[in-house]
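Each chain carries a letter (A, B, C and D) given by its place in the written order, and its residues are counted from 1.
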């Protein structure tokens, strides 16, 4: 039986809340308090069609997975269903013009270029979600700047005719020492979502880490892989461990080769730029719960899907339910790396979650430089694979990380930006540029394989110098009359 | 008998000076040389109505308290009293428009936001008074920047489901480790003055420190407290110790739970931004005395109400007149903290008076980092409670201070700005935002209670690096042609 | 007999060169190659009236002193003398308007303010001469910035009711620990020249150092002194030691109380801003000789009045010709301070000549901080008085220098700017502001007399950190989208 | 027989590719894959006249040298040859105007000034090629900034009447301790190319290093030398060692006095500014091969003329084929300097190739400061001559390098800019300015000959501090209301 829009429209409140998604009605009344994105955003669409807002945020199998079948109310006569009038974005026409006039893909020469294009061509809210980070976004920016405090001590007169920068990660041979790290909500940037990254990763033979919060479903992303393409799973641990177990086992069964448990997000960060861009009005299951005036309170809204109680005691359980190598993603101090080794996991990702969680967390590369000497002192540097992510934009960043002992680096946002601006071709070019830079810079540093990269090739004395500088002497600088270069003759008449 | 305006208007000079306040005349001739704000500002209103200028600066009980009853001349026929024509502020219409168009309160996501709104909506003079600081305002800005030289070393995989950030200060249990520190002249920002802060402090269960230089009277602020709400008294020590004794005993009797003696202001600082904003023309009992062309001389004008002779020798006397815990507010070197412990006081506030006194005083958080290791070496770190104030804007700032050994932090200007921009609701939201940030960041640093915060969680290596940087290479930077991201096509015709 | 303009005009070339100054003709043909400012600038006025260009550069007694009487040709009929058409300065009308609209003197609250006003009201060339310095002017700016790398460790609870900041310099009691240091060409800034400074120094009881290159004659400046006012002599040593001896003995006879021998200027610096301002076209005996296309070569042009061969061996000679205390002005390394003590001079001025000589010379205050510990180690810190100059703008700068061991500080440009902008009143206010700041800051640092100032009151750990910072990450910073504070509503129609 | 344009135009593709240069046709079909600049740029001109694009990039003898005689097809009837329509540069008219209005040569007071003028008067592509560097151009800028972290400790009271700054390099006496280092493609900046530099070098008695990639032929540059003028050869080593041997022996025979083997360019760097300026469209044998979409791949395109396999093992061979002193150009770590001494070469140039190869390579002056103490420890500091290049702009830079142990410094770009802006006169003035600065600064540092320059004259404590600074606190700085200097009265009516 087909429901009428009129019938649906009656259920437009907290006491009885129906929404329509892809032509079908769902009773979400009981689910309201559990919605990770908060109740408010669902109520906006109560009794109406929510498809447009729903799609970029939720994988297609979400309703099947999380909403009891009894709440699936069946098809609706869409002609009579109300739609929510979204505010028109006054910037949209300009954005379309910018998309039309954007630079050719071949004009992008480095990873920053994609970000520059994405910033001007993405929807404001999507840009806000991807680009934002915690508090003052100091850590976000420090992540890349930290690499700028590492300098090279290159060797010359080395035969570098043949350069090989392949390596292995958790046993998988890859073309180049980076992987596509997990990032949420891929459809905000591209209608096809994360599978775009899957295809590009295949072309360049690098590993993709599948995010828990993907816009595509896990299986869609797995299905997009070809041949022996390797993928890993990033996991937010659910309070309901049965769900977590189901996810992990399913991933292993589908062929995932690594389980990356996120340990730096007991609560998801507040990101003010994202809030400011009003993205929360359009709904996201990630941010909205953080609104301070949310009636549910931030902690409760989130706790439904990420378990803040996750602790070292849980590791053995994970080891009992999967044979996949386990990697802890988000470790931030050497003491915890040592603990991870003691816990018998196969790897850690030194990471601060792209600066999206704790502002003033140090960069992964700095934590790496603190970590390796300690592990070497303890003689346990080979007991674990150490990855880092955050701020990697150049092959030189990658080489610096490898010199300091990393097995590989994760790259996230740059590929999202490349995808958002130019689709799969963009991502492929981004990867190609990294490989080109890599070949060049391996030669210039005087190494022909990644195992030759070692700490003597870098000067890290300044890595720990996070100097803000004393506030500026504004008066002194105002009155100082700066030197100038010689003036050209002024054209007589400017008119 | 009602005085006529004509009669009053005759007493318009130094030899005989009457002013009208709230419909009553007062003979202030003898008081002129003692006026803390200098003689000049009173003479501006001599023989006229001074109410409008008087109100934001003086608590209502000032005249009763400080002017002998014999000088209270009684009611005046206001219809005939002259008023001082204040210069019209050409910016006032713009300011009213900005007030109308200001952001919604819910658009404020952090404490900086209130400052941004206040800056554009406050009267110039009031903004000048609140925001100004000493000399080049280096210390003012350093106070916050110093926190940016402290980084976190967070722990992961800690069960942080339940986070408790309550603590105690001088024996009082509070919801969150900050208190509302004393700031002068609350009515410049809001017509109701300091009681607005009292009410917000109650809602969030934090302590308010009552300022000597409040616009509201001490009793008004005490009366605004509800139930068992705790308040402290900030004290500028008067040369006339009888007055001081009266104030202290009255405060104790009214239930104040702490006496904070200001020790960093033997003379009140020169604040050039404040002078520049011409606020002194409108009268303040705090700044005007500093005018260099003041006939009285800066020191004498001020000495009438703050005693520059206050010294360590006075502490026992304070201990003899009150049982309230005594805290020295404004200590700036570890040697003086040790002295304070020897003197037997209960606490110190490491503070540079919000940068308003001595420019190039170091930030409180830096002094804290210098102090605690010395106290620990001496085994006396538990003999005293150490608070800091200055520059706290984020929960991360607070956490850093607590990691380094502070019992709590004082926050002043941000609440004034929130109050000036949005009234009590603004202050409440500011406090709520701090609590939300606090909960989040306690989780992210891996601690569930404030007693777990400890120095190993922070990296303070750069805290003492106050680098100004060498003057810029202007020629080199002028001729350097910076890299650019790819250009979008130019629209053919811009017209 | 009165010469006719026609007669004079015949002598307009290198072979026979006459110029007219103040109505009298002079034959300077033989003097041409010796003119410190180069031959070129004189030839510009050959056969013509040079008074206007001559006056601000030369003291009135110059011709009497340096040109043999036989070359004094007597009075000229001025009605027939040619004048050089100076190019009209297109900026002059604007400058006059700026002079009219300049801020009131009472709006100047610190020494920077005078510089801001002078910059806009002085003639371009004069500003160029006063404000310029060597090469990239890094040292010029470093001089003040260096003070910003010194922070205070103030004491509290000290009785500071009475503050005394008088001190003695070379035996003279002064009101405040600064002196007016020697600066050249005072008439560029004020028609009366250096005597303006003399009068202001008297009012504030500070010492003035009389410059060799003054616009006023030495005697004019001495004559302007009143009562027991103390003055010192700054000396550029002439290759002809007879001239030097005459100058020194005359100064001693006239009552000078100190001889400051400049040792950092064997050749006067190239100052590009000054060149760029075209000041050289208008003639100066200081700069023009440095023109690279000068036919004489820079060194020779200058060598006529400053002796580049001056060395330690000359010191005994100076000691033999005068009983005035001898101070070496321009010492820049501790080794040379030790040598100065061994040479038996009474003082040194640590100075880099206001940044006008060697760029990347370190600031005097940094050299001071390097010097005193060495002297103390050697037990010779009391054998000499150490002054510093360069970059002093605030009383806090002065206090920092005294804490580090300086006897006093020299201040130059700020008084020139105050004089140029507001005349003697300007200089007096500048001095008054310094005294007011001094009183305030002595109190705030917890000292009641200058002998209490000591190294424990300052934190100099960063003084030697001249960090330029790594070149900016332009791409990264371009693409970073900065956080913003909340937006005010946009007015609907901007038109 | 004269070929017709029609005939030529048939060979316009990969299978058969002819181009016309200076009226003669050449069959370059087989050469296509070996063209260092890539195949693409040649194909653009296939079947057409390539002269205009060919000239600035290739020395006149290129075709004779590298293309088999059998491929020289003889003269063409130019009237019928097609020319490639180059896109009109919309900026060209503006550029011509700027050339007309450029500053007088005498207005250039330092080396930066030439760069400022060149930037505005050179063709975009030429500017892009000269000014660009690797990746983010951090090293490019660091090269000069590094000198700004070195400060002087000058001596005073030294007799500096006579200053001698001549020195010797590889046995040649020179006027001043710099040489003109090798830079590619001189005709991009000036139609006569490198011979302009030859002539200027002669005038100032400094050595010119002849680049492998010159626009003029090697012999043209040698021929331009006069008398006993000394020149060196810079060498990119060819995979075909026979070619290399021929070049080296020819150079020695022609009188070259030094062989500088480039060791920091196994692959030529990617320079994004150059790519962005679209210079690659116009063809260069240096950059184009780096295009990531080049079908040949970057490495192969380049490998035809620079041998990435060059290694320490090759040094003895060079020593066997020439008696010229051998210098390794591009050494970047002390370990390799020691190796160079062991290998018995006469010198090294510490250099990062002007920042054009590996970004984040350290500045040569920093490597120098790291190197000399090690050599002195090993007692081998006199076994080799050490030169540095990169970032030298001031005589003070040169003096700093010499104080730290360099024998001399290479200067490249500044002379290119001077040449591009003002031709030979520009280069001469640039050299003159350096000499003037040198004389001045030798005096001011208290040294009369270069052998007196020593490490005690410089303060290098900060040289290794490459601090980027923590990302800016944007919110805090936005809301901070900076102090201002006093305002001038506003003109009543701006209209």
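General observations
Basically, contacts are C-beta pairs under 8 Å (C-beta built on N, C-alpha and C of every residue); 3 or more make two chains touch, one makes a residue touch a chain.
This is a predicted model, so every value here is computed, not measured.
The chain with its Cα centroid farthest from the Cα centroid of subunit D is B. Rotation angle relating subunit A to subunit B: 90°, from a CA superposition, given to the nearest 5. Comparing the residue numbers each copy contributes, subunit B and subunit C share less than half of them at their mutual interface.
In terms of their C-alpha centroids, the spacing between subunit C and subunit D amounts to 42 Å.
Centroids of subunit A and subunit C (each the mean of its C-alpha atoms) stand 59 Å apart. Contacts with at least two other chains are made by residues 107, 109-110, 112-113, 115-116, 136-138, 141, 145, 148-149, 272, 276, 465-470, 473-476, 478-479, 483-486 of subunit D.
Only residues 97-98, 100-104, 107-109, 112-113, 115-117, 120, 135-136, 138, 263-264, 266-267, 269-270, 272, 275-276, 290, 292-293, 298-299, 303, 307-312, 314-315, 328, 330-333, 335-336, 339, 357-362, 464-471, 473-476, 482-485 of subunit C touch subunit D when the two sit together in their complex. Interface residues of subunit B, counted against subunit A in their complex, comprise 106-107, 109-110, 136-138, 140-142, 145, 148-161, 394, 396, 400, 429, 432-433, 436-437, 439-441, 443-445, 459, 461-462, 465-469, 474-475, 478-479, 485-491.
Subunit D meets subunit B in the complex at residues 110, 112-113, 115-116, 119, 127, 131, 136-137, 141, 144-145, 148-149, 272-273, 276, 393, 467, 469-470, 473, 475-476, 478-481, 483-484, 486.
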